[in-house]
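The structure under discussion is supplied below as structure tokens; questions concerning it will follow.
By letter and in written order, the chains are A, B, C and D; residue numbering begins at 1 in each of them.
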Amino acid sequence: MTPPHTPRRLRYAMVGGGRDAFIGAVHRKAAALDGQIELVAGALSSSPEKARASGRDLFLDDDRNHGSWQELLADELRRAPEDRIDFVSIVTPNHLHYPVAQAFVEAGFHVVCDKPLVHTGAQARDLVAAVKKQGTVFGVTYNYTGYPLVRQMRHMVQSGAVGTVRKVVVEYHQGWLATAVEDSGSKQAAWRVDPALSGAAGAIGDIGSHAENLLSTVTGLEIESLCADLSAMGAGRTLDDDGNMLLRLSGGARGVLIASQICTGSENDLRLRISGTTGSLLWCQENPNQLLHMPVNGAPRTLTRASVGLCESAQRASRLPSGHPEGFIEAFANVYLGVAADIRARLQGVAADPLAADYPDVEDGARGVHFIEKVLESSRSTAKWTNL
Amino acid sequence: MTPPHTPRRLRYAMVGGGRDAFIGAVHRKAAALDGQIELVAGALSSSPEKARASGRDLFLDDDRNHGSWQELLADELRRAPEDRIDFVSIVTPNHLHYPVAQAFVEAGFHVVCDKPLVHTGAQARDLVAAVKKQGTVFGVTYNYTGYPLVRQMRHMVQSGAVGTVRKVVVEYHQGWLATAVEDSGSKQAAWRVDPALSGAAGAIGDIGSHAENLLSTVTGLEIESLCADLSAMGAGRTLDDDGNMLLRLSGGARGVLIASQICTGSENDLRLRISGTTGSLLWCQENPNQLLHMPVNGAPRTLTRASVGLCESAQRASRLPSGHPEGFIEAFANVYLGVAADIRARLQGVAADPLAADYPDVEDGARGVHFIEKVLESSRSTAKWTNL
Amino acid sequence: MTPPHTPRRLRYAMVGGGRDAFIGAVHRKAAALDGQIELVAGALSSSPEKARASGRDLFLDDDRNHGSWQELLADELRRAPEDRIDFVSIVTPNHLHYPVAQAFVEAGFHVVCDKPLVHTGAQARDLVAAVKKQGTVFGVTYNYTGYPLVRQMRHMVQSGAVGTVRKVVVEYHQGWLATAVEDSGSKQAAWRVDPALSGAAGAIGDIGSHAENLLSTVTGLEIESLCADLSAMGAGRTLDDDGNMLLRLSGGARGVLIASQICTGSENDLRLRISGTTGSLLWCQENPNQLLHMPVNGAPRTLTRASVGLCESAQRASRLPSGHPEGFIEAFANVYLGVAADIRARLQGVAADPLAADYPDVEDGARGVHFIEKVLESSRSTAKWTNL
Amino acid sequence: MTPPHTPRRLRYAMVGGGRDAFIGAVHRKAAALDGQIELVAGALSSSPEKARASGRDLFLDDDRNHGSWQELLADELRRAPEDRIDFVSIVTPNHLHYPVAQAFVEAGFHVVCDKPLVHTGAQARDLVAAVKKQGTVFGVTYNYTGYPLVRQMRHMVQSGAVGTVRKVVVEYHQGWLATAVEDSGSKQAAWRVDPALSGAAGAIGDIGSHAENLLSTVTGLEIESLCADLSAMGAGRTLDDDGNMLLRLSGGARGVLIASQICTGSENDLRLRISGTTGSLLWCQENPNQLLHMPVNGAPRTLTRASVGLCESAQRASRLPSGHPEGFIEAFANVYLGVAADIRARLQGVAADPLAADYPDVEDGARGVHFIEKVLESSRSTAKWTNL
């Protein structure tokens, strides 16, 4: 994949992601990988001191290394347009996504935001409206859809290579919350089991939302109704750490979605299985360089990343020949490349190439928030089906 | 595994399983494998001519090669006790299980019967009552529980090796009914989609019942309530060919059961995943010589059939050293060995060794019929949960 | 696979394979599986008492349960032809293969013999000559070639489906001799490390001979020269427990053969990889129901046993639909079915159907003995290549 | 893995790697990934025009975007020390490694150089001498040893976790030269089959050298003698495209090394299997986030990247939690991080932390060149063993 020639790297600022944070560092590596984007500013923590120390770790110039996101925003607005950042990347804890994103969008900045987008459907609607009004770029890092073979799977499903979709099973098994790690110093665990920080959803927000996005992106189908059973298995937990649901999809397909963080021993076992009238597809995140295609007639075929015959979208998302494994960061970087392509198109005043500007946007993020709300509603309901 | 020394082979008759039948031949190979059981009589088809021709294929003596099961039963009752069969094996289409089984049980014979046991809960209760009254042996060939590593899994779960069970996912994916094979001459497909022959359940009876039995046998837990969504995806079908359900199990565990015959390309992909508080287990029928154990602390371990450290029950169910694959027939043969052990114990007037007389019995069969009825009820219901 | 209709079961006697023996029980299960062959006589141990006790375990009639193979042979010769066994199965320790086989062949009996056939090339030549002279059937239980997908691999290679063969890698890794198990009571280990019982070859005779047979059978190529490095890794051992060699095959292909019994943790990891100009094939014995086909253009395909499109020879070797695993015993049984088909054809005075009478014969056995001798010669040589 | 805090990014120049080159782009992504190293100068092609166009693609300043490596070197020497590059990265075709590396080393620059290091043993000795004299850092991008689980494997073998090594099998199967791709426009193929550009070795230099490095790095053993059989299978080729060899290693272990580029359908299938007296290890490059450990007693364990219990060296080489796949670029980046740690230590005047400054150096490169020469010698020889 050769990125298009451009006159300069895009410049971005990061909000959140300071020392001890996990996902911020992933965003930075993903953004850095292809040499197309550079980090120039930041407000890396809600603690001003920690923010600045973190910025020095990352070689930020002192005058762009801020103690709060409000200072960062004010500083950027003071600068001449040609000196401003091209976009901001928001990697704070979930509860801050909304105010930070809303402020930057309203100020006219392009945004990359981690998922889940916001805590409530009302916030999501506000944000969608703001993005529409401003006409800005807004990417949501549902990173799993950045994998080349997920794009291949999307292409095959949506071009009819497996016929009409009848059945979808998406499973996301993790085991790291099987024990009470929130009580033994895991910062990552602690905020996820705290409703104030994580929102009303636990596992279903943290990983179920990825499963929903993967299913929706690949199939292009809508979840019309669902029937969910959420549980909090860990002693003392109020948020779900295990969730299972039946799905009814547009076009008559049936589905099952499982998202659990108490499956002892599972690491990050996200898998999507789609069966259509003329074939099935199976992709597993922990082995992302292979896609199993089982045609109705003939032997199962293992499609490998970057091999001959994949669709253009999958080929562009690859950096290396087949047999040279690509992984999580590369998929994540594809989301950044997609956002960057869209921003560059706007800088150049042209329409973006849809194969290049391929990333989950604010509408995907809002749909994910709506999904979470409906899952919670269904789980409390005695009715079988909850419509979306 | 050295079978116990016995003075003679057990003798059995088969009802059904003549020319062109599938499962009868499997039963015969399973019974023959260990040299402990011999086929001496039969009524191998509902067509007298075909029955006798089939019996000649199998080297039956003419005087024990009958044209109907009624003749077979009458002939056996005429014989001196020491010349009679030790048991009958019923491998007819499902709708004949009940009358044949009931007749042989009431005549005092031990029985092996294919699954699903019968069509209705009422029939099942009758049969359980008859078996109790007669005190006879009655095995149901839920053959998957005969696999050595399923027995290992059962041992580990029930001895606490994975702690308290929290989550069970059992999936059974087949693809052979993805197309309208019933219209193109598949006898196996034709009876399965015909309510008169198959009963009120389609996939859920044919393979969902195996999934239920596997789950129940391994965990020892009861399904307290379920929420099912059954579909008939194939054009013109009235019986389900795809089913998905949420489960609530005794002890608070949650579960998901999937049984589908329209998953294009899947062959016989039955898999069981159990997560407890201190570990998880995963077993896949298509790769039956391995069992994955993921302890909460430490690396995942692949337990192989017949390897050092397995439980006595698993070791007894193995015939070959590890690395020498055993398969479907060997697992099936273990059900026959279990029944045979129970019958031999009665012949010898001793209590059966529970490790030897290890097989699914009439109560397992009845529970499976009840399960199917409740799944059908749930699928028609608008209430979320249907209690069992 | 429907075995041909025949008027009666074939009858056989077994020499060796009594209590505590391993491979004899496997032969018996393999012979019994399909209901076509029955054990009627035996001389099951070199100890007369143990022989007779073993025969009683197997329900042999007293008058055909002998204390020595010489008595068995004499008794059979005394019987009327219609009452005789159809063949004898020799499953003694290796050093007895030659005298027993030679005596039965010279008496006109058909034979099944375990491998390696005999200890020396001279013995092998004698035996081949005797079989030719008598015109009898002689099968050697190189059981791995009985697997359906090995037959498919043979078909594909020899029909040109992978083009001209360029490269063959056959690996056979076991680990059970990694420790000094011969000192701690393993009877199986003790005879294998004893030159008096095992012959001049250790691992190369025990498992290397299987690897040679698999390679030769599947490719149809001859090993023209080889360069071997054998080692005795275990303390105090004089026979090889690890062997590696380079091969030059007819037609210009290159090969590598590895046979080791000190690969800690490996169970019975025999695998064959063949690369031709238009494709590669890979089969692994521990996962025998799958064959990987990698065409030069296009995605790798996983061929499964009994799936649509396999060759007639592979289909006939299957008993169950795909997805229902078959294993080691079923493959072993296919060798017996092949021998039985050849014997039946002779009984009926017709030419055997080559697809049915498909089994390794005395020439395969002799080639294996020659191979072992040449490997030992090469291992002692300072010259690079030893011609066969 | 948190990289150490440093006052600034390291700066490097690249020689080679311009438009259409493959490996240069991989180096740049690997160097960029962690935000610790920045590309500031280059001489990216032997064609001055192409060099400068390539540099503009990469956003190089015009005054550091050179038309030849000689200009680059001269320019750097003209600059004040604090403005110079910290190291140069050489990613030219193989035949230019020697002159470029020698010139930069003699001028006192630290170097990263692609493999194989140089074409001849004499060149390698020169370069080793020059590096020793200058005391500079010199990394060779044997990137496969940068994988976290290769480091874990190295740790386990060298700390005795599998006992004394007895057997090593390293296989490197590729298929992309199975057809005459050099005749159909593949630039990557064309130079590899041309002795003028590739040197006297074909596959054995291109990928066999990786296999040697992997084996040597992980085991710490020396190849004492070898017996090689190289072939040129492709029509018209003079360089080997298939190679197989027997190895004798220090300490008595035996080995097999296979390197082939005509294994149709294989992508980049490098695998290393090590058996010691108390366990075996198996790692496969195409599935790099898993390491199979088979202890002599007990079930096989699958160690996953970043999981609890791995050695410090493996943990430091990971960026993400287990279950989040890392791949080829991340492993490559670890070589760069190792070189960078060594350079930083020198800049700070301290001894490098050996766990940080962990990378293949000029001696590894020289050993690889010596290995290639000995393989070629053995392949031409009629003697069995060629000593190293």
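The criterion applied here is as follows: a contact is a pair of C-beta atoms (placed from the backbone, for glycine too) under 8 Å apart; a residue touches a chain by one contact, two chains touch by 3 or more.
Which protein is which chain? UniProt says A, B, C, D = Dehydrogenase.
Quick caveat, the model's predicted, so the values are computed rather than measured.
Q: List every chain that touches both chain B (Dehydrogenase) and chain C (Dehydrogenase).
A: Per touch definition, common to chain B (Dehydrogenase) and chain C (Dehydrogenase): A, D.
Q: Have a look at A-D versus A-C and report the one with more C-beta pairs in contact.
A: Higher contact count goes to A-D.
Q: So what's the Cα centroid distance for chain C (Dehydrogenase) and chain D (Dehydrogenase), whole Å?
A: One centre to the other, that is 44 Å.
Q: Provide the C-alpha centroid distance between chain A (Dehydrogenase) and chain C (Dehydrogenase), rounded to the nearest whole angstrom.
A: Chain A (Dehydrogenase) and chain C (Dehydrogenase) have C-alpha centres separated by 55 Å.
Q: Averaged over CA atoms, how far is the centre of chain A (Dehydrogenase) from the centre of chain D (Dehydrogenase)? Could you give it in whole Å?
A: Chain A (Dehydrogenase) and chain D (Dehydrogenase) have C-alpha centres separated by 34 Å.
Q: Check each residue of chain D (Dehydrogenase) and list the ones that touch at least two other chains.
A: Residue numbers touching two or more other chains: 266, 300, 304, 307.
Q: Can you list the chain A (Dehydrogenase) residues touching chain D (Dehydrogenase) in their complex?
A: The contact residues of chain A (Dehydrogenase) facing chain D (Dehydrogenase) are 5, 8-9, 22, 25-26, 28-29, 32-35, 39, 56-59, 174, 266-269, 285-289, 304, 307, 319-330.
Q: Looking at the complex, which residues from chain A (Dehydrogenase) come into contact with chain C (Dehydrogenase)?
A: Residues of chain A (Dehydrogenase) touching chain C (Dehydrogenase): 293, 297-304, 307-309.
Q: Write out the stretch or stretches of chain C (Dehydrogenase) touching chain D (Dehydrogenase) in their complex.
A: Residues in contact with chain D (Dehydrogenase): 162-163, 166-167, 169, 171, 173, 175, 178-179, 227, 229, 231, 233, 242, 244-246, 248, 254-256, 258, 260, 262-266, 273, 275-280, 294-296, 300, 381-385.
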